[in-house]
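Here come two complexes built around subunit A, the first alongside subunit B, the second alongside subunit C.
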Partner chain A sequence: MVRSMLFIPGNNPAMLQNADVFGADAVIIDLEDAVSIQEKDAARILVKAYLESIDHPPMKIYIRINGLDTTDYEKDLQSVVTDQIDGIVLPKAKVCDVERLLTLLYKIESETHMQKIIGIIPIVESAKSVLEIEKLAALSRIQGMLLGAEDLSADMELMRTITGTEIEYPRARMAFACKAYKIDAIDTPFTDTSDNLGLIADCQKAQNLGLNAKAAIHPNQLETIHDVFSPSLQRIEWAKRVLKAAKKADDQGLGVFSLDGKMIDKPIIERATKIMESAKRYRLLPVENA
Partner chain B sequence: MLTGIAGTLESNDAMITVTPADKLTIEVKSVVDAFYHDQIVKVIKDTLFDSKIANISVMCQDKGALDYTIRARLLTAISRMEEQNG
Partner chain C sequence: MLNTLGRVVPDTERGFISATNYQSQERILIPEKAVVDKPVFLGSIKAIFDQYHITDGMTLSFHHHLRNGDQVLNQVCREIQIRGIKNLTIAPSSIFPNNAIIAELIEAGNITNIRTNYINGPAAIPIDQGKLKGLLLMDTHGGRARAIESGNLKIDVAILACPAVDYDGNGSGTEGLSACGTLGYAQSDLRYAAKVILITDTLVNRVKQIDFDGKYVDAIVKIDSIGDPEGIVSGTTKITKDPVGLKIARDAAAFLYQAGVIKPGFSMQTGAGGTSLAVAYQVRKMMIQNQIHGSFASGGTNGYYADMLKEGWIDQIYDVQCFDLDAVKSYRDNPRHLAISASKYGNPFEKDPIVNQLSFVALGATEIDLDFNVNVTTDSLGRLIGGSGGHADTAHGAAVTIITTTLAKARLPIIKERVTAITTPGEDVDVLVTERGIAINPRRTDLIDKMKNSQLTIMTIDELMAISHQLSGIPQAIKKPGKVTGLIVYRDGTILDQLYQRL
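What follows is the complex of A and B.
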């Protein structure tokens, strides 16, 4: 699971060479919208060369390829599908598109004798994709789903608002589907990189609906995203106390017990366990607990 | 005249221009020329060798690009030059 996915323009050497120092849980190297049509060839070659140069980077690496309705996607896949990447981010994805991509990935992986099985993150950015969210989540190799609110709003002929009311439904539907299939539910980027208070509010709305991560379009958004999508120190302390009390109750043969006057049972213990797992994953615990 | 150009003059990038020639010529202008001239020339020569190209004129305007960026920009420039050639 991740908290943040940072978009990096595929034809920008300065951003690429620093991809591992921004601190994102994952990066999405973009061959689609961030690259002009005239520079698609240069971006593909640069990203391929970058991938050949890296060795065990600290973050996951995904590539956003061009859509399957273009003439670029096959060249993208031929260039970047290697053991160095974790997955492909597929724009404007519908079930039929993911199935086509799966076929292409099987073919490339087999031809190149790859060790790794490449994952897929479909971008939900059309009304039809929203209606297919559950089917998308259930497909093979799906590691998460990314909401693309700008294109989705355009498709719905809606204006984007700071409150995000227009995307509450797809956010919630995506959160349920991703939770059901244990994959990442990744929120749409917040496009105003100078409005940190707006970013905080936007992250909190997404988190309250059940999403566990957010895409970023600038490294300066990562700290806020991590703050919101990581368990707070207060929650970690609570989880530690619950698990300690649960162990004690278990030793005494008690199924249900109370802590601070509140009943603690299996669902609460499971929630505490998940908080501690997140805290460990994101290295938020002191060394003795990590 | 056939020419292939790739890259930019932004920091950490390199702009590479290639033209057909009857011998190999490599010209490098770099912001870090005093320290990395030989390394840049080596990357260019290695990339040309891997691409089985012996005779070509390469002009590299480097703005602090890493090796893989220089390699990528050179390959793109060559590809663009060859596309012009049909």
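What follows is the complex of A and C.
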């Protein structure tokens, strides 16, 4: 699971060189919208060279290829599908597109004798994709789903608003589907990079609807995204206390017990366990001061 | 001869021994200048030269509180030019790009020696070219105060810009057209120069806040303008938006917290650069998150620190100079925003200087070497681009000194086997924080021990240098330098390093 996915333009060497220092849980190297038609070839060469140069980066690496309705996607896949990446981010994805991509990936993986099985993150950015969310989530190799609110709103002929009312339905539907199939539910990027308060509110709305991650279009959005999508220090402390009390109760043969006057049962213990797992995964457990 | 850092220093000078060697030396204090009954009013800068017989070979001092907006040093230089005075020593506390006229006076032989704490801009070019007939001596802020009070730097006439002056000669930094806040760097000049002249553009009946005590002032000159307010606010006052700089700042703050430095009552200095301010921002975030209140912040300060003071996260600001108008306002209005002299700030012979009370300081570097020696005086080609200012003072005094820098700037690695010039000795530098890892000086076994379970990426400085070489390659050695153009003077008066002509 991830909290953040940072878009990095595939034609920006300075950003690529520092991709591993920004602190994103995953990066999406973009060969689609961020790269103009004239620069597509150069970007593919650059990204290929970048992938060859890295060694055990601390983040997952995904590539957003050009859509399957273009002439570029095959060249994209030939250039970047290697053991160095974790998956492909597929724009304007429908079930039929993902199935085509699966076939292409099988072919490249077998031809190049790859060790890795490449994952897929479809971008839900059309009305039809929204209606196929559950089917998309159930497909093989799907590691998460990314909401693309700008294109979706255009498709729906809706204005994007700061409150995000127009995307509440796809957000919620995606959250349920992803939770059901244990994959990442990744929220659409917040496009105003200078509005941190707006970003906080947007992250909180997504999190309240059940999404567990958010895409970022600037590295400076990551700190806020991580703050919202990580368990707080208070929650970690609470989870520690619950698990300590649960162990004590277990030793005493008690099934249900109370902590701070509140009953603690199995669902609460499970929630505490998940919080501690997240805290460990994201290295949030405080280091004791000497 | 070689000093203990292995650097060549002139046989006639005392080479650097150690950062604590001053502790075995006596403080030398010359008598303060005679008290003046009443200052005289002179009609122009020209009149100063006549009244005080400014002539060949004298030493004139200035301060840099008007920063890149200063017009006083420039106007004095014009008068020197007109009169054709030769072989002068000038001792401004810093020299900014705005002071370009100095370059002409160096070339013409009007100015043959310079003593300052920082030099950046056109004035540095003829020095790099070997055109300064004498030497450039680069002090620290605290070291300059020591040099003046001990008579090592003898000032014939201190010509001090002052935003507002009253008829008793008292000066204020917070009033007037060019209000710049505290006037800490000029306090030693005021007390020990043979003659002290205040230059102002605002005369008032009585200043509200006295920064220059009138009893030391021999003369006052009112001119139309002492500075350009836009240039006065030339310190970087905004947190960097560079994501790499922000990452470094986050890691620096996390290091400080995990090492137990950020705890109730701690004190801090972070400088005014974008990344330094980002460190302050991250530290403040941790203070709020963990409800930790600090004791004081020091240094040149700005509105960011003024806000922390106002919000109660720190109890005091000890301020040598203000970097922006918010800091000026805070100093004027908040009784807990206190002015200090450069001597109280960082003079090693001062009893309990402020730098010695710092829990941590976060500083920059243009180069750092495998012994943790830091260069902020030259670039990697040996060209003058700055100077210690308070770098070496705070690095020595603070309990923990952190250097924050990217591994490469303009595709040149920042970590060197040996820095081009030593501004701050490695024994005073504890931690290097870069975007790809943190190195702790092996001397600080206590910090290494505290961080042994940290999830931050801790590695050796050699490992960090290897990473930077992977990224940017190993740069070629620079061409052999020419004659010695200057000396870098440690705060105790010993010589850290020599500066060389660029061929």
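As a convention for this text, the second predicted complex is superposed on the first by the 285 of 290 C-alpha atoms of A that agree within 3 Å, B and C clash if a C-alpha of one lies under 4 Å from a C-alpha of the other, contacts with A are read in each partner's own complex, and residues count from 1 in each chain.
Just so we're on the same page, a residue touches a chain if its C-beta (ideal position, glycine included) is under 8 Å from a C-beta of that chain, and two chains touch if they have at least 3 such contacts.
On a predicted model such as this, the values are computed, not experimentally measured, just so you know.
K.L.:
According to the stated criteria, A:R283 is in contact with first (subunit B), second (subunit C), both, or neither; which is it?
P.N.:
Second partner only, subunit C.
K.L.:
Regarding the shared-chain residue A:K48, is it in contact with subunit B (first), subunit C (second), both, or neither?
P.N.:
first
K.L.:
Of subunit B and subunit C, which one touches more residues of subunit A?
P.N.:
After superposing on chain A, more of subunit A is contacted by C.
K.L.:
Tell me the contact category for A:T165 with respect to subunit B and subunit C: first, second, both or neither.
P.N.:
neither
K.L.:
Applying the document's definition of touch, where does A:H218 land relative to subunit B and subunit C: first, second, both, or neither?
P.N.:
Second partner only, subunit C.
K.L.:
Look at A:Q17 in the shared chain and tell me whether it touches subunit B only, subunit C only, both, or neither; answer first, second, both or neither.
P.N.:
In the superposition, A:Q17 contacts both subunit B and subunit C.
K.L.:
With the two complexes superposed on chain A, say which partner A:N208 touches: subunit B (first), subunit C (second), both, or neither.
P.N.:
In the superposition, A:N208 touches no partner, neither subunit B nor subunit C.
K.L.:
Jot down the residues of subunit A that show up as touching in both complexes, subunit B in one and subunit C in the other.
P.N.:
Residues 17 of subunit A touch both subunit B and subunit C.
K.L.:
Going by the contact rule set out above, which residues of subunit A touch subunit B in the complex?
P.N.:
Per the touch definition, subunit A meets subunit B at residues 13-14, 17, 41-42, 45-46, 48-50, 52-53.
K.L.:
Can you check the complex and tell me which residues of subunit B touch subunit A?
P.N.:
It is residues 6-7, 10-13, 65-69, 71-73, 75-76, 79-80 of subunit B that touch subunit A.
K.L.:
Give the list of subunit A residues in touch with subunit C in this complex.
P.N.:
Spelled out, the residues of subunit A in touch with subunit C are 17-18, 20-23, 218-220, 222-223, 233, 283, 287-290.
K.L.:
So in the complex, the part of subunit C that touches subunit A is made up of which residues?
P.N.:
241, 243-244, 246-247, 250, 257-260, 263, 289, 435-436, 449-450, 453-455, 471
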